[in-house]
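So, here come the structures, one by one.
Each of the next two complexes has chain A plus one more chain, namely chain B in the first and chain C in the second.
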Partner chain A sequence: MTAPVTAGRRYAGAALDRVEGLDKVTGRAAYAADHRPADLVHAVAVPATIARGEVVQVDVDAMLKRPGVVAAIWHGNAPRLATSDEELAVLQSRRVAYRGQYVAVVVAETPEDAREAARTLRIEYVAEEHDVILRADHPRAYRPENVNAGHPSDTGQGDPDAALAAAPVVVDEEYGTPAEHNNPMEPHATIADWHGDGLIVHEPSQNVSGLRATLASLFGMPPGHVHVVSPHVGGGFGSKAKTLPHTILAALTAKQVGRPVKLALTRRQLFVATGYRTPTVQRVRLGAEPDGRLIAITHDAVMQSSTLSEFTEQTAVPSRVMYAAPHRRTTHRVVRLDVPTPSWMRAPGECPGMFALESAMDELAIACGVDPVELRVRNEPAAGPESGLPFSSRNLVACLREGARRFGWAGRDPRPGVRRRGRTLIGTGVAASTFPALRAPSSATVRAEPGGRYTVRIAAADIGTGARTVLTQIAADALGTAPAAVTVELGDSALPPAPVAGGSMGTASWGTAVVRACEELAARLEAAGGTVPDGGLEVTADTGREVRAQERYSRHAFGAQFAEVGVDADTGETRVLRLLGVFAAGRVLNPKTARSQFIGGMTMGLSMALLEESIMDGRFGDFLNCDLAQYHIAAHADVRDVQAYWLEEEDPHLNPMGSKGIGEIGIVGTAAAIANAVHHATGVRIRELPIRLDKLVR
Partner chain B sequence: MRPFAYHRPETVAAAVAQAGGADVMYLAGGTNLVDLMRLGVLTPATLVDVTRVTSATIEQTPGGGLLVGAGVRNSDLTAHPLVRSRYPLLAEALLAGASGQLRNMATVGGNLLQRTRCSYFQDVTKPCNKRDPGSGCPARTGDHRNLAIIEHSEHCVATHPSDMAVALVALGALVHVEGAAGARQVPMPGLHRLPGDDPSRDTVLVPGELITAVELPALPLAARSLYRKARDRASFSFAAVSVAAALQVEQGVVRDCRIALGSVAHVPWRAGRAEDALRGAPATEQEFARAADIELEQARPLPLNGYKVPLARNLIVRALADLAAVR
Partner chain C sequence: MRVHLTVNGRDETVDGVWEGESLLYVLRERMGLPGAKNACEQGECGSCTVYLDGLPVCACLVAAGQADGRRVRTVEGLADGGRLHPIQEAFVECGAVQCGFCTPGLLVQAHDLIERVGEPSDAEIREALAGNLCRCTGYEKILDAVRLAAARRGAARTGTEDRS
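Moving on to the complex of A and B:
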């Protein structure tokens, strides 16, 4: 059954300003670290300086003699936690699994005293040999049961090896992406405060319901005893979605010292235990007819994880969706190294995977002498290439055509290295984007007051995306009222449980619950003759059944990205002169916040293409460039002309809003479009990101 | 951060007197020193704030040069009309450095004495001969992609990160210094040291010596000069390689020139061999390239930074060609 699209759509689709915008720009919006309960003490996490081995002793006594120091906690004196998950078992064993892992925490009356104490804390280790470098031929690479988001590790159809051996045109190349760190503007911070047997946690979180559940089980309490407060989140990109060691450390420390504890990570510490994108090594093989029609696609990806837990980026998964070909295979292998556990970073899987696939498509276009836009159009599948499921909607071709028109692609001379403006080599490139349109069960409550005001309550998260604003618009439409009459409360675990702000599924998941609650409320109001009773009227909806019962479709957003680059012939410096994306992502609910998501994603993709790389030192076992002076993120001067457009897409198989997620698709394909443009400019194919000048200067 | 005492004297003499002991450091804009203190790389027991004692003015000298107080902020120096007209390479070098906010804080004295950006130097959990003499140099066999290609030693392969200093060695600036033993002037190049077997010392200054001013000589040829900085990020990034160059051409022949390179050595590198090769030579791209090659013959790139050789070469050639093309 198709979900009915309810009520009018007066406000969904309008460019409403952020409802909390004024609070943010005037500094009134309080972030977690701004919170100061009485009697607060400050904790500093102490990182291991070996990459593998054991902590033998921590000199707690010397610490306690220092001025202002309240406690020093390590495995030897830490409270025990109820978990067998090594990722969460903070200070529960002597083992050191990676360099930088928290092995102690020092607590003092002031942050300065705590930092100085942490700096001088003496820790004795027994170090063991470590192994931190990912290689495609690593002897301990293995096939994981599943990869991230529950996808099967390997898939296949037909006989790709034989098809490739016989194919008239073959591209067979290896691509690489480095480790990258999320680096939200707001560093992670936790304030943990115990009241009797209850715990209050102030923390920027993409998933307050999930954090509450994990903390409750770690400390052996019912979930209702944990209260996570997170009204504002200064960016996350996935790094604030899981329960992280520093949060557990803060809670455990507060319990031990019997006072509220603030633990704020430094920027350097963000490069250790808040997750990161795994490096990838990818081999893509494409076999095609001379006209570019694909006969075979294989995509084999190797990633790393830690010895603590298995996280496998779903790198090759987009190759299961993008193009038609009778013979195909995708595989994922993972190597467990003595490194921190990688995690979600904007568009896990699609982002690095599409760099490889879309670079290979460009190489195929050149090998066949077919225009790269045309090549993609020729390989458009009628249904999910592997799943066989019909697409709920798929407008990749329309995005390519519209993007080509806006960008001025027609008549492009395919020859590489022949365009110059002064000493600058000019080139253009294109790549496709894709991201699944997911939805998870959620609950939401809506309450009507007699005066005509409504309050929506949902444990959703606004990590800077505009979720609060969009949910306000959705509720206003479903209630037939104005946004000004609706207050959305989110970012608090005491609100009705809701899924993570991740996987680009927030709005779809939360919005469905909000619509259902509003519909029910409207129906009850009508039954009651249209007047709100004195005590107000409240309805809660849970979309578990609706989401689980949804029809089987292949649901994805698509897009096309076009880039124009200038490469300095003397220095190899690459500058992106223009970036233009066209996306088909269902119904766009707020063009203002949507545009920010698209151009934000594209900017992050530009940054990935040219700059971002966390450099692992094999001898020490940690990342070297752990600050923003060394780990480069695109500056304003790098982001010259970024334009995002979208197509009107009607898709009745999604959710009551008709929307697809837009948080991640903007970063997908950008790096490939830029790398393809660099090839067009210079004739040099960069298969390993980032595209630094040392790879181009000669 | 280690607790420290803080003094803010009112006179140079008082500042120098207070800097007598061990473990004392001068504090100017603090944009480098405070960062390094927070990292535990530097742990002075006493800070002597010199922002009240070093001059923040720029004066003309009788000889036609400029005397720049050590307390002049980078943003004021780059904006000064005489700096812009007489020494474009210096104005451009300053503008290419750091960010607007940092340039507003950073002083001339502090800029000259900023420390290397080698990542091992900045991480106290790792060995580094510069920070902890005798502990070793992990960069040599590790990540040195942005480190030295010229005159590095087995003990240290770091580069000096300042853009301004590259322009100053090209100009042959004179650094005015005051210490317990009195005042002296240190010419550039000559302020910064090569690493040799003691990379812990970046400069020839002795502990407690205060930079009071930098004197820019009268140098008419510097009116035709430029600074070009190659880097992956378009702003707010240290150089991969940079070049400061000034050129005087008469009837197609190089009368005089100044060339200096940044981010290639432990010191801002004056390309004296290239200059010698060019004086009297035809002002052609071929000759510029020949001179660059002569300079870079002495390069000994490490496994990961060989790219700096062609980069430096191309930058020199392009800078000179652009200057030669100016009418």
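Moving on to the complex of A and C:
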């Protein structure tokens, strides 16, 4: 058993202002693309214009005759990289695996010369027939060994088919979610600079330690020779977690030309090789007693990946956790297409998977004539429905009850399509949210100076989450000092190695290491009579053993989201009038940054429900709507009223802070709550996102 | 070509500007003012918003030559010396800043709204800021920040008038 999580807390839980706020409101905060090293040259990546085939020849000589052009690099003249990972093997082969894959790079003295050179570079291809459209019945769909986060592809218990055949009430529907793009406001950009045998990379990264390791191995150097600098990251939502081709391209180019290189992707280029959420086709079957008690749940998901690597999202995994039922099955199938490899986007797996499950639950509520809140309460499991493990804490029911109270759910008339204000049809809907509360090993250093100041060093990332601020609070509590006495340094690979800002496990992982380092430092200071030696005192902690030894529990955050929508009866235009979420996510460490995380997630869920869809062009094999004019994300005027609340949740089985990650749960379930509300408003069930006018007007 | 600008109150001359270059490029790459951000370079996101002769514009859509002889004010020029403008303070206080990438553009746009309208209604705020995309905050706290800054600015003005 871990020590009580409330001991000695003064600042964790306080609404501290973001510590780097001043830098951000004065324009002083430096993002990667803001750097201008001397002697800089500009690189532009050249995308393949075929979706599958081979590059035969690139006219490098003609290019080099152009004024201002410094280099043109392709497979034929690129330096070799040490990797067998096709995803990382940039310019290492003639093969083209998807349209837009980088097949060359041109370098020039000015960005306009580089752009023009990239546009006019002559490349000869041999094109082959391509296949880029995902279908559930695709003949090449197969069962992967595992899905992401190490989950088994398929699981099952009992005999769901027989149970469904015999169930008094059955819902059996197919749901679809489209490809979506993360679109952080900051486009990816790399400035790569070699000094002797060392490489410095300015790059917005969610994972500086991981990026350092990957680059070092690609270029055959010890990790210490690579320095990734990333103090501020303009959002990522998963897209800046992996080592991406453009970073490798920039590093390789800088090496070749012997000058610092800037490679800044345009917004349109982000739609190709910086990752996206895979489209999904999902079938959910629910079998229930007439009172709504579940007898069987099956959830089958089909996703896509590229021919380069197998990336399979854990889409059906939330159905292993949410509800009790004796008979159950989940499966994942993947189709490898001639498309870019999908990647992580906020709540990968849980987000699309819960759209399907929570829509199906709404359909079941209607089929049974049971209130949708009540239906979920009735199917609350006593322990992990598949794992059998006890939940470290689970307050879904409390979230549903509290949300219903705040939203004014009581007395809701379940009939669809009967509320009207002028031309507007009004409806309300609910859905549950969930996200795992994980932790990864991390290290951290804390240093005390004689004057009473402390510095925490950790290769964590603050991508807008508030990590710098929250780690400051955590350290202040663990040291028994004020936040103003603590400086947190992060976003730099020279700092003690730390895991990715992803999987909603950043604060839990980094915070544990910070607490352990601070505890050790405090003990050493006490042993030394309380005085800091002249040279300062420094302690490093590594939580590998602690994290690996943690007890087995099912650890998840839960939440409930309620939506009210207005749908124009004539045009089908849908507006979310109100969105209210209640979450149970352990101890909230900073209400100010936490509320922003929840509301930001819910708003991205609103955006997913109504707007976001990357449309694959079957003929040419790329995404058609590849800018912000055509790929819409929610703007200020789309958002009317979004509120987030949380319950106090004491959970002693998590980490020294007692916290669960909150970066992703806000987007889980939102789209289902909205689609359920749209059904309540109009009587039309939208099973394929986004909820567009043409799907509502028949 | 050569371009003269007054940027944040200082006269600047830039040589060697290419005809196709944007004001945003000149500010960021030639003048060392990276506050205004490049997030789309085609007028869709508002991250590059700056004042041009007192009007907020997308600096990515203004050709540098068009700005010749005119006044530009960027996020770096919103504070009065060391004193932040109320909108800058309110953004930090209300939690309207997360990753901060949309922030410089939003601050200029919100600054303009408050200076022009005084105390805008919620609908006016949402409409005025609809061209400035933010992927992090969900906009609620930005709304709070504008309300707070407008109220404080109003109070400060009344205070000044009372004293005079």
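Of note:
Assume the second predicted complex is superposed on the first by the 691 of 698 C-alpha atoms of A that agree within 3 Å, B and C clash if a C-alpha of one lies under 4 Å from a C-alpha of the other, contacts with A are read in each partner's own complex, and residues count from 1 in each chain.
Assume contacts are C-beta pairs under 8 Å (C-beta built on N, C-alpha and C of every residue); 3 or more make two chains touch, one makes a residue touch a chain.
Quantities reported herein were computed from a predicted structural model and do not represent experimental measurements.
After overlaying the two complexes on the shared chain, residue contacts for A:112 are found with chain B and with chain C alike.
Using the contact criterion defined above for the overlaid structures, shared-chain residue A:570 touches chain B, although it does not reach chain C. Residue contacts after overlaying the shared chain place A:135 against neither chain B nor chain C. Of the two partner chains placed by superposition, only chain C is touched by A:186; chain B is not.
When the shared chain is aligned, chain C comes close enough to touch A:26, but chain B does not.
Of the two partner chains placed by the overlay, chain B and chain C both lie in contact with A:635. In the superposition on chain A, contact is made by A:423 with chain B only, not with chain C.
Between chain B and chain C, more residues of chain A are touched by C.
Contacts of A:596 after superposition on the shared chain: chain C is touched, whereas chain B is not. Shared interface residues of chain A, touching chain B in one complex and chain C in the other, are 112, 627, 629, 634-637.
If you check the complex, the residues on chain A that touch chain C are 17-18, 20-31, 33-34, 36, 110-112, 183-187, 232-235, 237, 264, 266-267, 463-466, 592-593, 595-596, 599-604, 627-629, 633-637, 639, 642-643. Those residues of chain C that touch chain A in the shared complex are 18, 20-21, 25, 28-29, 32-42, 44-45, 47, 74-76, 78-79, 84, 88-89, 91-93, 95, 97-104, 107, 125-127, 129-143. Those residues of chain A that touch chain B in the complex are listed here as 49, 112, 115-116, 119, 423, 568, 570-573, 575, 610-611, 615, 617, 619-620, 624-627, 629-630, 632, 634-638, 690, 692-694, 697-698. Against chain A, the residues of chain B that register as touching in their complex are 1-3, 40, 117, 119-120, 122-123, 125-126, 138, 141-143, 145, 230-238, 240, 305, 307, 310-311, 314-315, 317-318.
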